[in-house]
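One chain, subunit A, links the two complexes that follow: it is found with subunit B in the first and with subunit C in the second.
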Partner chain A sequence: MSGPSTLPTSQAPSALEYGGDEISALVLDPGQCWTRAGFAGEDTPKTVIPSHYGYVNGGDEGKKYYFGDNDVHALRPGMEIANPMADGIVADWDVAPQLWKYALTSRLTTELSEHPLLITEPVWNTPKNREKTAEIAFEDFDVPAFYLAKSAVCAGFASGKPTALVIDIGASNISVTPIHDGIVLKKGSVRTPLGGDFISNQIRSHFAANGIPLSAHYQVQSKMPVEVGKPAEATLRQFKSGEEPTESWKAFQEERVLTEFKECTAQVWAGPGPVPAQGTEGIGGRTFEFPDGYNLVFGAERFRITEGIFAPRQMLIHGEIPHPDPETTQGFGGMVFSAVRDVDIEIKPHILNNTVVTGSGSLLYGLNDRINNEMANVFPGPRVRLTASGNSTERSYASWLGGSILASLGSFHQLWVSKKEYEEHGPGIVEKRCK
Partner chain B sequence: MSGFQDVRDVMDISGPMENIPRPPPAKKQKTVEKRPDGITRELFALLGENPPPVAIVENKFKEKPKWMGKANPWVWTPFKNPARSDDLTLYHWERKTESTEDSVYAFSKFNVSIDVPIPSEDEYAALRSDDWTREETDYLLSICRDFDLRWSVIWDRYDYPGKTRKLEDLKARYYNVCRSLMEQRTPVAQMTPEELVAYNLTNFEKEREGTRRAMAEKQFNKTEEQIREEEMLLTELKRIVGNQEKMFEERKDIFQRLNYPQSSGSIQQYQGSQGIAHLRDMLLANNDKNKKRKSIALGPSTGVETAQATPTSAVSTDRGNAPAKQERQEKSEQKRQVRKLTKEEELQYGVSQHEKLASGVKLRSTMNNSTIKGATQTKIMGALTQLGIPPKLTMCTVKTMAKMLQLESQVAVLLDTRKAIDKLEQEAKVLRAQLGLKEKEGA
Partner chain C sequence: MPPFRDDHILIIAPGSQTTLAQLGLPESFPPPKMRIPSRMFPGIEEGTWTFTKVREARDGEKEDLIAQAKGQRAAEAAAARAASQADDAVKDEDKDDGEDDGDDDDGDEDEDMEDGEAKDGSTPSAPGPLTESKDKTEPSPKTEADGDEDMEDDMGEGIYIEDEDDEEGAVWCMKEGRVVDWGCFFALLTYVHEVINPTFHTPILLVHPPEFTLQDKQMVTQFVFEKLKTPGFCLMDSAMTALYAYGLSTSTVIDVGFEKTDITPISDFTIFERARKTLHNCGGQTMTAHLQTLLPDLKPEDVEALKKSPICEILPLGTPLPGSGEAATVRPPHVAATTTDEDRDALISEEEGTVNVAAIVASGKTHEFLAKREKQRTGEAERRLPNRERETNTFWVVDKRRPGEDEDIPLSTSALTSPITTTAPELPAPNAASPTVDDEKRAHQMALAAQTKRGQQEGILLSDDETWRELSVGVERFQAADCGILSTIADGLYDAISRVEDVSKRADLWDSLIILGAGAKIRGFKEALLQTICAKYLIPPSSGTIFSSELPTPTATGASTPMQQSQGQQGPNPLLVAATTHGMHGQSYAERHSSHGQTPLSIKTAKAPEYFSEWKECGFDEAGFLGAQVAAKVVFVIDQGANRGFMSRVEYNELGPEGVSEIF
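Presenting the complex of A and B:
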């Protein structure tokens, strides 16, 4: 998005050349981990908040909810953390609208009734959920027009590809979606629960199996530098009784450390050959320092925790830590194969040539190389070309960005479901109009 | 500096010089003297009268742009999209202009849809099929309309209870319906050319489409070994074709060199020791050219050998009849090279063959080819002068020379005949005189 702009800001681009016509629409991209909102036509969402929310059970007034980065991470006695999303789609319809309203009104606008709203949804969203979304938009938010776009299609648009094979590596799922002319091909849409949350659990399993203590930032008052592998010398925070954080909040804080671990240490084995079993020989080591100062060098382990994506049978399993069934879960290669298998032969080569890799999970170090290798193994004949934005912001927010592009196009404005149409036909109209 | 006057001269302008203002030279001097920033006075003084061309960069702010007139404001304007059936009013920023009322929304022209026919109850009678119910046909047509005939999507979303259809089935049915409806609405004979084109386009061959798709699928699903084999075969083929071409090229080259023009001259002149020495000199003189040709001949010919010496699996099947082919080609090549000229052609090109030619250049008129010598010659000359023909031809060509020779020989024959007649007449006279004497004696 940092491309050179030759037009001065005072001059409007030629309307038909640019194709845009901004009507100040809002775009909301609710994901499993993050909820993104912003104005259509912009290149990054203005509001990015965690999909997780905090709540405190307070006697008569009912629950008190906390949304947004600051409130969710604040240490409040008795505040539980929960997520209204499950498996990438809305599971808790009491909280999700509040979360969305917070995302839209906290910074963007106070009058939702003045802005058309585009919401993205995953391909596997249920018809009931879609109707409910329309209901929320028109009745709770009172928007003048609404549209429900598929996030995979939007991710394709963000890369400028209306026909593509979109590989979206999100928090809850890895989904592979063939799209043709901006329409999702349902038969070829597959997903597997091996996303970012799965990697987090793999890391937890690895730590638990090897007795590596996982600390979080909130616990540490002060710390001393220690040698690699030596026990931490840190003063931990003491909580008065009744002011201790809840278990869910603690887990949420640990998750942040795991995210850091995923960003700096975890790596995908790009091949050739199998993942090295042990040690640091030939692959080097990477040091990771936990919040309490305890630090370790990770060698082959850093590849082992991500290998489950490609070979579910090799996933790490330890105790109570949740994991998908290693026998029945489809690995990455198999998933891409079955996605392409169920697509019309005419467009198979075309979509493979336009493979879009997106989602924050795709930022795992070395993942693109591995995907390239896997795809070449699965499809030796046709040419496979990956498109993955080099800009990590764009990669994380691709579906929002595509929605932003879509909702700012002049030719899109005939597709909005207007309030009048909703009142005439009821929520069923989204099934008919947003295919 | 007389540049000014030069220009006047070049432009051929004459006139009083007094009226033309001349730039005062003193002023110019001053501007040159101006010391640029960043050079000390002492250093600048060293440069003398002709300072070197130093680029002087002045740090100045960009000039304030001069706006023409007042800025045109942008207005938050409501608009309606004619592509929509409802009256949804959306707002966008628009340049303030005089007539915003009657302008049509620019993007509504992109609202195009495909015309999918809807069969009426009567028309459907002709479309009845065991496989397709009326409801399913209607469903197919509606889904075709929904997805604007994007067949990949139509097949993907086709979800009629109790039926799984192949893409070519859907296509066949759709085009069948279209074809039948077109026929029913306008008989084929009455169709306009455009309609006829559209009608012919609906001629869908399901079997062929099925085969094509199956082949495409096969091509797509090639395994790694198949791809490698295919690649190998392709490179092999390329190599074979390349080799063959190279070989033909070289062979042609060799044949050309083998086909020297056949000499018809005798070798008598080279038979003596002196002749041989002369021949050697001639060859040596031509050596440069020969050398070059030889080096060319040597290079590729070895290439041919190596190419033939590395047989490949694919070429081996073709090897049996390869030499035969080669021979045939050789013969035809030779035939082409030594074409026999016909008589007419020889005449046309002035080609003539001689038993023996003396060395050196001669004029044809000086060549004396006649076989008649001595007294007869002079007699013939006399006869020719009598006839008014000069003894030497003014225009000596092969033809005239031949005619001349012919004439001379004929004249010679005639002269011989006359001589013989004279002789016989003389004898007859003598005999007659003797006879007369004898009769007198006898009488």
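Presenting the complex of A and C:
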């Protein structure tokens, strides 16, 4: 923490020497489902808020927005839930900056103009979006310095690997990105919309197809224990007319139950090979209790729910529930194959040897084993070594953590885009400087 | 640096309502010794703050003060000189004001003050408006100390008085755990530091609310080192101190505050920063506000007193309110039937027509007498029933007697409409006494004495200028938490624990809840909260898996590898445990699906610490402060900085305020 000793104390550090060892830089990692923010140099983000936001259409004042856990989950008549992100990148530029500002100022600091800001972006972010991000940072937030880092590179750094094959299983996508010496190999980076949201919809499809009622916690006041498969006997909350929650809010609340299902019940068939069509009756069942007390034992179903990741043709389809096209969507194995196919033959083994699995979606029980098997299947020759942090926190926040490491490195000083440079060159500087 | 000593450690725990502080760690950790409201008043000069309100004297008071000042000038001049340091005098005065006027050891100041009081008390005809007449006023030490000569020049102008009771214009420096006025906050810290006046070799432990940001911590650190000049400083999160008090390493701390509730899951002394939650508009104040809407006839201070009284209770879920249907009929008959000897005594004296107050007081049975009489008058044995079976019950309100009011006015009833009835304290009423003036006066004194005595027995300590009255209230007293606070906290708790990424840690977090905070003090609150949580979130053992214990599938890498500890070494056979424990809630269901199974299969509160006898009496609602003492002992005395538990002066000089992130 002691400052650079070569400088005389009377001399102010140059404008470029922001951040550095000092823990004053902020790191923002906006994801599809969660927006993470914190100080560089720390090991976990201090603030993690849902990327979803609530809004109420007011009369004259226009929309009123609600951000953050408490407000988004609060029951407000007429509050709709929406997400400014789509496909992992910002789609709504009216709301996203407000959301970011909330994430940065609610628990971290009140003076954004005093802290350099590093924002992460997915590899497939558009140039327009990148410029817009810089514009927001410099003009709305008035930051002194800014940098836009690739989240895959950051995730690699979080595992201490500048050269890696990063498999990031997020909410909207599974992305596979080869990186070499901290540079993304754009040609090889691929993604497929089979992330966490896809799994949620698979579970919904399964429930809908089997007539399993999905309740959410907000409906229940108290519940009674019931036998497996028996109807629930819960005291439900009554809503006065005009105070009922909106459909989008209800869906958002149900999503939380699905998250619990994913965490506790869903499982990935370890392989090798796909879930067998028959002979799965003996698989140990796992009980899941819904918020209203209704509980069921899930056997082989909990494997079929996740099977779509590897075999999109086997995905569960039911009624209106959205799903990607099973015919054209690339499964996991095919995606990894096409990602590595174009990588230079000399670095290919090196990259495969440093395969990093990250993202909250990768916490699905048993997923790692299956990925191991699939990789061995696709690349029978080269040695594939999987790295996945045993710490689930690190896995969920790998991109943020990498950003935090990056921004706190002494050698990162020269990479910051300063406000002065931005004023001179305009937003286009981001394309030049943040590769 | 010489090692720190127990009796030199200063602990400050600022809260949005009350700031707790204590110097030194006695052998057995006591409840906080200093307890002051977290507010300051803007001083006369811009940027200064005073703990007691200083305001310009109003017209009515001015003349009194001038006259008084003139009469005392000679004595004062000497006094002012005697008090060599004017500033110190101010501080001392402040300190005494904060506590009790009675035991002032600064002779000169004391005299002035008492004179002032006497003067005000004896001039009931003060022509000022009503608000003014109730203020107990006294000459400001400022005017005395340095305004001595000014007095000559501008008589009647710029006279300031310290007004202890006037809360108007007070600045509360914190709101919902965040500092809203830093100037005021620092002034408060300075005030606490000055009142306690520790030695130079005093390390400080400051307990901060969870809402403090890094920036806030840096500011506080800078202030403490540069203004309070401490040799060692430790900042500790209030949730963490609770953990120290309970001697746990893993827990979920539910801190019910004034306007907010903090829920903090902590595992292995690491706070899950992302999982922790602050619920706004969810605290003691929320319940007070709800009570107020239920009892619109009561004054706000009465409602506050009701909430703090033991009759305000939160009944277990599903308990019918007394008076509603079947509950009213449940009344042990034997209670009504019994008449003790003492009852007869009381009856006899009643029959005689006169009450020998002196004899009763002298016999030391005043309380019994009063109790019997009261019982007699209400004609109900209901009083013996526990609070929760009675339709109405009474509580005490302590009032400040306002100067200028006739002494016995507060003793009489105030007009309140149904459902509240006001009963004047049960005194040997004047109508029973003989009509001569002398007797009346004596009876009145007796009445006061009896009142005080009874008050003491009720656990109310009255100072000279206070009176109390008794109010009775219906079943509303059980409905303080009906504003949804319990379910809000329950939902918040579930949300918080669900946000802990490590699924295998959730079960432990559910199993050791610590519920504390001033808002949780209401009788039955904790139990009702626990019930609410269980009713909504507890997952009973499923008939689907209770007899089939699933073995964990071994996995090669990653976090999904189940923790072995939850299997095998779980102790006794889970089925045996399930069969032998009969507790309704908090029952230990040892059955676990596997480490990443659904939670909570059991919900329990942590066991209160056992060693602290003084805390057992007052409850563990302020256990955070107890924990702060334990932590201070560990950090400053036992560890002596070996593990960098605190920031020393040397480190501060080296790192500056930014060092906060490295150490705390």
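Assume the second predicted complex is superposed on the first by the 404 of 435 C-alpha atoms of A that agree within 3 Å, B and C clash if a C-alpha of one lies under 4 Å from a C-alpha of the other, contacts with A are read in each partner's own complex, and residues count from 1 in each chain.
Basically, a contact is a pair of C-beta atoms (placed from the backbone, for glycine too) under 8 Å apart; a residue touches a chain by one contact, two chains touch by 3 or more.
Keep in mind that this is a model prediction, so the values were computed, not measured.
In the superposed model, A:Ala145 makes contact with subunit B only, not with subunit C.
In the superposition on chain A, contact of A:Pro272 is made with neither subunit B nor subunit C. Look at A:Ser418: by the touch rule set out above, it reaches subunit B but stays clear of subunit C. Contact with subunit C, but none with subunit B, is seen for A:Pro225 once the two complexes are overlaid on the shared chain. Once chain A of one complex is fitted onto chain A of the other, the partner contacts of A:Gly242 are absent, as it touches neither subunit B nor subunit C. Using the contact criterion defined above for the overlaid structures, shared-chain residue A:Asp344 touches subunit B, although it does not reach subunit C.
Counted by residues of subunit A touched, the larger count belongs to C, out of subunit B and subunit C. Applying the stated contact rule after C-alpha superposition, one finds that A:Pro380 touches subunit B and leaves subunit C untouched. Look at A:Gly410: by the touch rule set out above, it reaches subunit B but stays clear of subunit C. Comparing the two interfaces of subunit A, the one with subunit B and the one with subunit C have residues 22-24 in common.
Interface residues of subunit A facing subunit B in the complex, by the touch rule stated above, are 12, 15-16, 19, 21-24, 116, 144-145, 180-181, 183, 185-188, 343-349, 380-382, 409-411, 413-414, 416, 418, 420-421, 435. Contact residues of subunit A toward subunit C in the complex are 1-2, 22-24, 39, 41-42, 44-48, 69-70, 73, 107-111, 217, 220-223, 225, 227-228, 256, 259-260, 263-265, 270, 284-289, 291, 295-297, 357, 360, 362-369, 372, 386, 388-393, 395-396. Subunit B contributes residues 81, 83-84, 86-93, 95, 105-108, 110-111, 146-147, 150-153, 155-157, 167, 213, 216-217, 219-224, 227 to its touches with subunit A in the complex.
Contact residues of subunit C toward subunit A in the complex are 211, 213-215, 273-274, 277-280, 317, 487, 491, 494-495, 498-499, 501-503, 532, 535-537, 539-540, 542-545, 548, 550-551, 553, 555-561, 593, 596-599, 654-655, 658-659, 661-662.
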